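Alright, structures below, take your time with them.
Both complexes below contain chain A, partnered by chain B and then by chain C.
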Partner chain A sequence: MTTVLTMARQELVALRRERLPLVLLIVFVVMVSVSSLIGWLTNTTVSNVWQKTVEAGLTQAPNPFTDVSALYYARNTVIYLVLIGALMAIVVGVTSAMRDRKARTLDLVLSRPISVPAYLLGKLVGIGAWLAMILALVAVISWTSISVITGAALGPGESARLVAFYAVAWLLLQAFVTLGLLSGIYSARETTALLVPISIWSVVAFVLPQIGTSANPVSLLNPVPSVIVPGGAFDTLNTVLSPLSVTEEFKTASGLILGNPEVTGSLPLSLFVIVLAFAVGAIVLLATNRDRIRGALRD
Partner chain B sequence: MTDIAIRTTGLSKSYSGTAALRNLDLTIDSGEIFGLLGHNGAGKTTTVNLLTTLLEPTAGSMQVVGVDTVADPNGVRRVIGYLPENVQFYDNLTTMENLRFFGRLSGLSQPDARIREVLDYLDFTGHDDQRVGSFSKGMRQRVGIAQAILHEPSVLFLDEPTSGLDPEGVRQLRDVIVALNRDLGMTIFMNTHLLSEVTKTCTSIGILRQGELAYQASLAATLEAFPGEDSLEEIYLNIRSAPDS
Partner chain C sequence: MTSTLVIARKELLDLRRNRFLLAILGFVLVAVVISVVVSATQFGTKLDDYNTYLDALRAAGSTTTPAAPQLFPLQLLRGSIEYLEILGALFAIVMGYGTIAKEKQRATLQLIYSRPISRYSLAAGKLLALAVAWLIAVAVIFGAVTATVAIVGHATFAPIDVQRLLVAAATAWAYLLMWSALALGLASSARRLSTALIVALVLWLTVVLIIPQIGDTMDPDNQVPGGLFKSLQIAKPDEQAVLANFAGFDSVRNGLEVSSITKHYERFTFAVLGIKDQYNQQPLAAVWTGTWNNAVSMWLAALLAAAFAIFTTTRRKLLRRTT
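Here is the complex of A and B:
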C-alpha cells in the first residue's frame, strides 16, 4: 500500500510539472466554466424569441424553459467532458505510461521493492486523485455560476445531483485514463500510443452511436432525415451497438442525473456500462507483467 | 548474516533462443569489491539485470545475501542498491524530489534527513533544489549513487559506473566506491571495461567470455598467478583469448 501511495504521489508531482496535461487542463476548466454561461445565453435567447412570438400572437405555447431544472445550465459540460475531458484523460494516461521509459528511469524504479500491479495501481490512483481535484474545482465553478445565473444558491438536492454527475464524469475519465495507460505500455512509439486510444475514442464517441442511424444510406443521401423503421435492420444494428458507446451512456446518465427532460433511458444500465468500461480497463492494466512494462528496454 | 553476498548456480539467460549467459557459477564474499570484466555482449549487463531482479533467469538460481531472487524478488530489492549505466532521472524534478521518490520506494517513510546525510557524505550539497535536467554527467552519477545507497543496502550493483565520466569524475567515483566499501561495509559488484579501475578499486575479479565465466579469483591471486604479465590488461587479454577448455 505504501508503494502505491508513493507512486501516486510521484504521479501528482510529475503532472504538476508537465506542460501538455497542464495546457489541456486549462482548456478544459475554461470550457467547462463558460458552459454555464452558454447555457444561460441559450435560455435568454430562446426566451426572448418566445416572448416576441407570444406578443405577436403567433403561439400560445408555454416558455420551453418554464420549470426546467437549474442544472440545465450544466448540460454543455457533458459535451466538454466527452470531448476535451476524454482527450485530456487519454493524453495523461499515455504520458504517465511512457514517462519512465522516456526518462529511462524504469530500471531504477523496478529495481526497488515494488510489484508491477502496485506500480500501475499507483499511477492510476495518482491520476485519479488529479482528476478528482480538477472535477471538484469544476464542480465548484459550476455550482457558483449556476447559482449566480439563477439568482439563488442551488439547494441540497440539486447540489447532490451535481456532485453525482461529476462522480460519474470521474469514472468516465478514469476509463479513458486506463485506455491511455494500456496504450502507452503496449506501444513502442509515443505517436502510436496516442493515436490508438484517440482512434478508439473517435469510434466510441462518434461511430458507434451513429451506426444504424447516419449509416442508413437514405439519411446520408437525403438532407431530410428519414425515419428508421422500428425493428428494421438499421434499428436493430443501432439497438445492439449504441449501448457499447460509453460516451453515449455517459450522456444518458448525465442527462438523467441533471434532470434534462429531453433525455430518456435507463440510469442503472448507463452507469453499469461506464463502471464496466473502467473495471475492464483496470483489470487488464493490473494484469500487465514485468517484461511488458520494460518493453523496449528489454536487453 | 551470511558471509556470501552473491551466489549463482548454473545461471542462464536466453533471449528468443539466443543464449546471453550460460551456466554461470559465481560466489562473491561479503565485503568484496568485485569487478566483472568482459567485452561488449559478453553478458555483463545481463548478469547485473538478473541479480537486480530486472530479469528472470531461463535456468539456474541465484541468491543475494541469502535471498533467492526468483522466490523473493522484493526481499532482494530491499537489500540491494543499483546504479545503471548512464543513469537518468526525471529531468523536470529537483534532486530532492527525485531522491524523495526513490527513498520512499526503498521504504524510507521520512527520507529528507537521510537524503541530506547521504548528499553530505557524497560531498554533493547545494544542489537540492536544482532540477536534475541541468546536471552534468558527473553530477547525475552522484545523484545516482545517492539513490542507490539511501536505504543502506548490503550489496551495491554498479553497471559501467565510470562510463562517460571525465578523468576527474572517474577519480571521484572511485574514491566513493572505495569509501562505501570501507566505511559502510557494502559489497560492491561492478561491471566495467576499464581495467585500470579494476586494479585501483576491486578486490576480486571475474571475466565473462561469450556468456560464460572464464575466470574468477581475487585480484591479489590473479596478479600472483600471472607473474610474467606486466599489467592486468595483458592477463585479461590472455584469459579472454585462451581456447575453450
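Here is the complex of A and C:
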C-alpha cells in the first residue's frame, strides 16, 4: 500500500511539472468557467426572442425555458468534458506511461521491491487524485457562477446533483486515463501513443453514435445525446452500439442527473456502461506484465 | 529547384513507407465511407416510411399524393465533410509535424545541410511532398465517397455535380494542407518538439472543436430539439423579422464562428455541395456570390500557413541548439 501511495505522490509531482497536461488543463478550466455564462446569455436571448414573438402575436407556445432547473446552465460543461476533458485525460495517461520509458528510469524503479500492478495502480491513483482536485475546482466554479447567474445559492438538492455529475465525470475521465496509459505502455513511438487513443476517442465520440443514430459528427458536439432514427436498421444498430459509445452514455447520465428535460434514457444503464469502461480499462492495465512496460521506444 | 525535388521525392517515399500514417488515412477513409452509407440508409428509411404512409392513404381511399422525399446525392456527403474538418485536420497536423520531427529525432538535419541546398529547399521540398500526398489522399477519399453515393445511394451524377465535387475536393485539399503546413512550421520553429505538438493540438482543439461548438450553442434555433422557431410554429419571414431585433447578439455569434477557419471551410463546402438548403441546386456562380468571402478566407489561410512553413523552416532555426 505504501508503494502505491509513493507512486501516486510521485505522479502528482510529475504532473505539476508537465506542460501539455497543464495547457489542456487551463483550456478546460477556462471553458468550463465561461460555459455557464454562455448558457445564461443564450437562454436570456431565447427568452427575449420568445417574448418578441408573443408580443407580435406570432405564437401562443409557452417559453421553452420557463421551468428549467438552475442546473440547466451547467449543460455545456458536459460537452467540454467529452471534448477537452477526455483529450486531457488521454494526454495525461500517455505522458505518464511514456515518462519513465523516455527517461529510462523504469528498470531502476522496478529494481526496488515494487510489483508491476502496484506501480501501475500508483500511477492510476495519482492521476485519479489530480483529476479529482481539478473536477472539485470546476465544480466550485460551476456552483458559484450558476448561483450568481440565478441570483440565489443552489439548494442542497441541486448542489448534490452537481456533485454527482462531477463524480460521474471523474469516472469517465479515469476510463480515458486507462486508455492513455495502455497506449503509452504498448506503443513503440510517442506520436503513435498519442494518436491511437485519440483515434479510439473519435470512434467512440463520433463514429459509433453516427452509425447508431445517423447523427452527423458536428451535431454530436451537442450536450444532448442524439435521437435515434426509428425504423430500418438503426434500431438494431443502436441497441448493439450504444453501450460502446461511452461518451453518449455520459451525456445521457449527465442530462438525467442535471435534470435536463430534453434527455431521456436509463440512468442505471448509462452509469453501468461508464463504470464498466473504467473497470475493463483498469483490469487490462493492471494485468500488464513486466516485460511489456519495459519495452524500448523507437524514437 | 533540383534539391527541392530530391527532398520532395524522399519525403514521399518516407510517407509511403510509414504504415502508421497509411493506417490513420485508412481510418479517415473508413469513417467518411461509413458516414455516406449511414446517410443513404437514413434516406432509404425515410423513403420506406413515405411508401408505407402512401399505402395507408390509398387503403383509406384518399386520392391525395404527398410529395415524395427527394434525394440530392451530394447532401449525403455532409458527415464526410465534417469528418474531414475534424479528423482530417488532426491527422494533417500529425503528417506535417512528422516530416520535421523525424529529421530532428534522427539528427539527419546536419547531414542534409552539409549538402549544397538553397535556403528554402528543405521547406519547399517537404511542403511539395505534403501537397502531393494530400492530393492523392483527397482524390482517393472523394473517389470512394462518390462511388459509395452511387452504389449505396443508387444516385446518378450530372456534369454539374462532378464540378461541385471537384471544387469541394480542391477546398478540402487546401484545408488539410493548411494544417500540415502549420504543424510543419511549428515543428521547425519550436526549440522543443513537444512544444510544437502542444501548440498544434491546442490550436486544433480551439479552432476545430471549441469555437464552432460555442457558435452552435449560441444559435437560439439550436436551443430546442427540432429548432426553436419550429417549436414556436413561426414561418421563415416572421423568424427573420424577429431575429432582426437581435442583430447585435447574432453579430457576436457570427464573429466568433468566422474566427475559426474550419467554419469558413464548412460554409463554403456545404454551399458548393448544396448541403445548405439555401444553395441547393443553385448554379456555382450564385454559390460563389454568396460565399466567396469564405472561399477567399480559406485559401488565404492556406497560403499564409504555407508561407509560415517556408519562412520558419530555415537552417538557422533547425540547427540551433535544442533543449
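Operating definition for what follows: the second predicted complex is superposed on the first by the 277 of 299 C-alpha atoms of A that agree within 3 Å, B and C clash if a C-alpha of one lies under 4 Å from a C-alpha of the other, contacts with A are read in each partner's own complex, and residues count from 1 in each chain.
In this section, a residue touches a chain if its C-beta (ideal position, glycine included) is under 8 Å from a C-beta of that chain, and two chains touch if they have at least 3 such contacts.
Predicted model only: the values in this text are computed from it and were never measured.
When the two complexes are overlaid on their common chain A, residue A:Arg17 makes contact with chain B while staying clear of chain C. Within the superposed three-chain model, A:Arg294 lies in touch with chain B and out of touch with chain C [touch as defined at top].
By the document's definition of touching, of the two partners only chain B reaches A:Thr6; chain C does not.
Looking at the shared chain after the overlay, A:Leu110 reaches chain B, while chain C stays out of its contact range.
Between chain B and chain C, more residues of chain A are touched by C.
Shared contact residues on chain A (touching chain B in one structure, chain C in the other): 299. Interface residues of chain A, counted against chain B in their complex, comprise 2-3, 6-7, 9-10, 13-14, 17-18, 99, 103-105, 107-115, 294, 298-299. Residues 15, 20, 45-46, 49, 52-55, 74-75, 77-78, 80, 82, 84, 86-93, 97, 101-102, 104-107, 109, 147 of chain B are the ones that touch chain A when the two sit in their complex. Across the complex, chain C meets chain A through its residues 20, 24, 27, 31, 34-35, 38-39, 41-42, 44-45, 48-49, 78-79, 82-83, 86-87, 90-91, 94, 97-98, 101-102, 105, 194-195, 197-198, 201-202, 205-206, 209-210, 212-214, 216-218, 220, 222-225, 228, 231-234, 238, 241-243, 245-246, 249, 266. Taken in their complex, chain A has these residues touching chain C: 19-20, 23-24, 27, 31, 38-39, 41-43, 45-46, 48-50, 52-53, 56, 58-59, 61, 64-65, 76, 79, 83-84, 87, 91, 189, 191-192, 194-195, 198-199, 202, 206-207, 210-211, 214, 216-218, 221-222, 224, 227, 229, 231-234, 262, 299.
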